[in-house]
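Pasting a structure here, questions to come.
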Amino acid sequence: MPLDITGRRPTPLLERFRRVRALSLALVARMSDADASAQSMPDASPAKWHLAHTTWFLETFILRDHVAGHVPFDRRYAFLFNSYYEAEGDRLARPARGLLTRPSLDEIRAWRAHVDAAIEAAWAGLSDEVLALVELGCHHEEQHQELLMTDILHLFSLNPLAPALFEADMPVPAEAATPLRWIEGAQGAVTIGHDADGFAFDCETPRHTVWLAPHALADRLVTNGEWREFIADGGYRTASLWLSDGWAWARTNAITAPLYWRGEGAFGLDGLRPLDDAAPVSHISYFEADAFAHWAGARLPTEAEWESAASGMSAAAGLDTAHAVRPRAAGRGEGLRQMFGEVWQWTASAYLAYPGFRPATGAIGEYNGKFMNGQFVLRGSSCATPRGHSRATYRNFFQPHQRWQFSGLRLARDL
Amino acid sequence: MPLDITGRRPTPLLERFRRVRALSLALVARMSDADASAQSMPDASPAKWHLAHTTWFLETFILRDHVAGHVPFDRRYAFLFNSYYEAEGDRLARPARGLLTRPSLDEIRAWRAHVDAAIEAAWAGLSDEVLALVELGCHHEEQHQELLMTDILHLFSLNPLAPALFEADMPVPAEAATPLRWIEGAQGAVTIGHDADGFAFDCETPRHTVWLAPHALADRLVTNGEWREFIADGGYRTASLWLSDGWAWARTNAITAPLYWRGEGAFGLDGLRPLDDAAPVSHISYFEADAFAHWAGARLPTEAEWESAASGMSAAAGLDTAHAVRPRAAGRGEGLRQMFGEVWQWTASAYLAYPGFRPATGAIGEYNGKFMNGQFVLRGSSCATPRGHSRATYRNFFQPHQRWQFSGLRLARDL
Amino acid sequence: MPLDITGRRPTPLLERFRRVRALSLALVARMSDADASAQSMPDASPAKWHLAHTTWFLETFILRDHVAGHVPFDRRYAFLFNSYYEAEGDRLARPARGLLTRPSLDEIRAWRAHVDAAIEAAWAGLSDEVLALVELGCHHEEQHQELLMTDILHLFSLNPLAPALFEADMPVPAEAATPLRWIEGAQGAVTIGHDADGFAFDCETPRHTVWLAPHALADRLVTNGEWREFIADGGYRTASLWLSDGWAWARTNAITAPLYWRGEGAFGLDGLRPLDDAAPVSHISYFEADAFAHWAGARLPTEAEWESAASGMSAAAGLDTAHAVRPRAAGRGEGLRQMFGEVWQWTASAYLAYPGFRPATGAIGEYNGKFMNGQFVLRGSSCATPRGHSRATYRNFFQPHQRWQFSGLRLARDL
Amino acid sequence: MPLDITGRRPTPLLERFRRVRALSLALVARMSDADASAQSMPDASPAKWHLAHTTWFLETFILRDHVAGHVPFDRRYAFLFNSYYEAEGDRLARPARGLLTRPSLDEIRAWRAHVDAAIEAAWAGLSDEVLALVELGCHHEEQHQELLMTDILHLFSLNPLAPALFEADMPVPAEAATPLRWIEGAQGAVTIGHDADGFAFDCETPRHTVWLAPHALADRLVTNGEWREFIADGGYRTASLWLSDGWAWARTNAITAPLYWRGEGAFGLDGLRPLDDAAPVSHISYFEADAFAHWAGARLPTEAEWESAASGMSAAAGLDTAHAVRPRAAGRGEGLRQMFGEVWQWTASAYLAYPGFRPATGAIGEYNGKFMNGQFVLRGSSCATPRGHSRATYRNFFQPHQRWQFSGLRLARDL
């Protein structure tokens, strides 16, 4: 890990640490204490909880474990803000997170300042191993920043007043989507997975060989306009397009459109806005993505196909200020576009271990491996993914019915 | 209705109106926006919701219906803050009340001010019929004041930090409870129910005759100390003491003590405090009260027995400032004590219509009559009941498993 | 208890015992082993289970407790066929009764024969106290005979083949219902409850005084034809007619007609048959009965009003052979008709203890008292009630949403 | 498809058809009508339902669709016995299958005879395409034969009488399991999937290339004795061994041993018998198999590893008479043993489409593809798998918590 921990100037890691910690605070700056305390469903968490949990992560795995003499801000917080680390003991039941009106948002901010100061004070003495944990903590917090955005969006979407957290800052483009073109992918033995240069989560390793059959990927994402055609053609009423569980889910929950569509508009962090036909469809479940692909005579890509195609690409930008985010239409251009930065792309691959996968040891080892059932992989990144958090090997994952993330799809087909 | 609506000085009703509206604000003064927005269970509501719903009641049934030209503060609030009035149209699902982080507590305060000002401005022109609705609105709000107190207590009781809303203001008395004495009640034909002098809810009428068998009531409430004996004697483990549904409820929910007992302490609005053996047991369900009475070789009083005994009595005091409330031990004295102002007293009577009962017409008629199944009557009043809200004919009611109110019991027996 | 237990001839009690035991077998004679083993819902039990449970009752409380040397048929059956007697130890969870495909119906018949023979063999030596338990066992089994009929009806009603257990044996009468007339009831102090002459369950005692306000009862039951008017007038769509819980129940379960109505027909033990407009409506819940009464500008009678009016009346007949039963239209006549033998009549009274009520001691004491919450009293008897099981003091009870019994209503009103 | 459909002698397919249809009847010969009608859980079906559904499959897709003039036995049966074919219209809700006490087991047998006779009568005129559907119908019925056995086992396991369907016919061997040896597998590009020679389900195709990393498989299955060590070492109490969902499942359901372990015994179709330490562990979930593999420092094989190793192998025998089945200990021997005929072996592979997979068209196309989420693949076959139904390419699949099948595991590891 290329950290200059001896120099006078802030190291790149310290800069990253400061930037990450600051962005979290910026994201909640327009939230009231009440906004930041409510939990809209068991899958989501209060914004305050995200601020607190990421701080608990740092105070536990850095300060408690590696900085002698650190006095915890409040010993009771470990019970409140541990998420799912069995090795770290009992914790508050997940659906009860919304009942924690105390500590207040200001108290959590004070805790953050306390922990940040302690880490900075200890910085010069942290070993490479511990700095690697700090780096993990940054990536961990970036993940929670995206969840914080999607969770407050979900909360506000259930409020009949349709509140907007941010001003609208994107004009709705008048331009239509470009026609979909197919880009042939690599075939035969290809290598995927993280190659140990730079940060990655354990589940992205080890790098290994897979065999790809002849195939092609769409050059851009599926659009809102195309989704309207799917609906108009009876997509949500045609059982033969759907997985059995998906059909049952759609019937039980009366699903007839993406999560935040409201008539001709779509709800977002800037409130209710007209639907942009050229922009990528978002907030759809795996079940919907898979049904759409069947309807279109295509399929979803596998994660290996996606990663092979994305190899060498990276996100041009990313979330680095607090503002309303919405996925944008693909501009004109050649080759694969919209691989990063618009919506996470459902793949046909279950989230499972790579050959030779070994989870990290200790509590940190609970990070990924224990979720390897019942989930599908999403690739790329979204308009709510923090800057610097995207990479071609990244494996995001959710259950097939979940759709409160910025999730969409790119088509694939056999050749 | 003895209202002097022509005089210069504020009429008693106007004074009452102002006092009621002010007390609600006082009760939430120490709550954060988050405290006031959270909902701990479907039975409870956020404090902010209580403030808003009582305001909706006034704006709807007074200003909208009877004051020409009134402009509603926000037309969307009717959907948010109607509780259960079918005649008033659709409304937010009850369990979703805790998701309304907007409007904020301050916005609700502004709405209250707007409505209060409009009512005061219209006051001189309000007919007697409308003033009767104002009086109903005051009593309605007083009911919600008590719920506001019990709901915030429930929310805080689920917070592992055990926050205290108020300072402790009651020393735990060292004195033991006085020995229980039996006071013989009236027998034969007695008359109960409201006699049309002063305010009453529709369900307290009409006044009618009932026949009482020979019986006696305990001169004081059952105490925490007596409840400890019940527990020590295996009360919660002895099926034969319990109603069948009660036994199932206790097993399913692992009930082994009153709701807020925590070891040797009890949680309250002043946080965790030592248990006072001489004080009345509180926060018990009908199921528990009934089991205790069986264990004690006694029974619960009927509501007619209770009312007959309480006839002519009234509460000495009541909640009129924001402070921590806890039921207090009975002092020495003769005759029936603690009839009002400590804990609501479960009776053996189901909540049903009196002979000749007629609900009010219109939406107001949904106030009581439609809840007449599955509930038991509680009589008296509690330490959280606003001053002036108690009377001998009052019929409070809850389901037999509910116990987040200040609910206790007084024993009765056949003679 | 006036039993001639010394004579040579079978005593009246022995005759009753034999008749009851034989009727149970007759009722299941046309059922297959599968019919007799299935459980259609947790509220219902398999026919086989009824046969077995009533036998367990006799083997336990008569033979085990009072006949020296009795060897139980199979010691494992106590666990399987105890219903709810906590004092008798653990038992099979109620919803699992339908999984007991073994023992077979024939094995249960063999057990019945074994127990019957043992009781007859011991008869001459049974004390009066034990003979009272035999009598209780007869009444207990008669209750289960009615449940057996209603449970098999419910099971068959869920079978898309609409099977008929019995041949149709009642022509649908062409005659219209007689116009409803009001019969004035007693007022002031009246006495109700069992007076200790003949058998009664503990909950019918003690006899006591109640005070009745001026009122009248309808001379006949509400008919199917009248219920059609209620439906046509939007009865199931008018919230203001309903209790709050009833409205929620009707919405959640999409209730729009009595339980077994199927278009213009009604399902019964003789299969699907045309609806008879003049016959009493049946298989309605308390919620529906109460809403109908509101719609009709009337109310349900209290149990005291009903019993006072029925005093001195008794059922002319009753179920004594296995055949299809359906409630019949009221014939012409004067005074109160259809008090017994057609449908149980919902009253406005909650099922609670009479003043001075004391449950029996021991396991038998669990018979009634422990169900005294959340239920309403039904009076009279139905076309499925065994002969000799009806009386004016009888208190049947069910929860307000339950309607798989032969339950209907008679109107009352205040004078 | 190499069918001799012109010869005089019964073709092999006709022989297979007769054998399959006869075996189903043999399997239920010892069941009562009640045994065959009960449903122990929504995942399971009554034996009678299996008999009927397989007959519906033949009557629908062969006789209705391809045999002119066929008169259905009972038109109402399609609604009752369609399983999940959306294209075939509405059907009985799955959890209600146990309420169909009519038609009786004998009526279903008569239906089977009717359909069998019609198919035999039409046989000579069936096209190759239709004979392929007959062959599919045979394989379909074989699948249901295994389910029929596991479903009745589950039902009987819930009966406190622990009934045995069959006599015990296997001595418990005294011999210990052989030491586990590792057999190195193929690596690099290998080909798997069905190659179009002989019958296969659509999901086994197309044959395609996968890349295997260096690995080894255990030469035999994990035994009951080894599972006891896992338990003794706290396997069920050690969160770090488990998937997150698995840990929650085990906690919620109080899982502490394989499904049918009862102390030192195991329940089976021959009743309760002593546990054989050398026999393969059976009736475990994926969650348990995965936790065991972690505990053992190994992992589960992928389905490609398993199939590559099994290539060219086939089951020596299979279920072809009605008798008690239990998995047997591995005998001595070289190389991979117990690949077929003992327990299905959980793999680490999610059940997903092979590259280039295309489901069959029409209702038959609902057979496999629509279940491709949330399930893991099991390979091999079990002691309850009919003879001739096993093959190396076979992909069985269940949800990770399900364990009422004969499911066990074989360990694998990376090299």
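Per-chain numbering from 1; labels A, B, C and D assigned in written order.
As a working rule, a residue touches a chain if its C-beta (ideal position, glycine included) is under 8 Å from a C-beta of that chain, and two chains touch if they have at least 3 such contacts.
A quick note: this is a predicted structure, and the numbers were derived from the prediction, not measured.
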{"item": "Farthest chain (mean CA position) relative to subunit C", "value": "A"}
{"item": "Inter-chain centre distance, subunit B versus subunit D - centres from mean C-alpha coordinates, in Å", "value": "60"}
{"item": "Distance from subunit D to subunit C - Cα centre to Cα centre, in angstrom", "value": "47"}
{"item": "Centroid distance [mean C-alpha coordinates] between subunit C and subunit B, Å", "value": "38"}
{"item": "Pairs of chains found to touch, sorted by chain label", "value": "A-B, A-D, B-C, C-D"}
{"item": "Residue numbers on subunit D that touch subunit C, as the complex places them", "value": "32-38, 40, 76, 79-80, 92, 96, 98-105, 155-156, 158-161, 163"}
{"item": "Touching residues on subunit B, where the partner in the complex is subunit C", "value": "84, 86-87, 189, 208-211, 213, 215, 239-240, 242-247, 286-287, 299, 348-350, 352-353, 355-356, 365-366, 370-374, 376, 400, 414"}
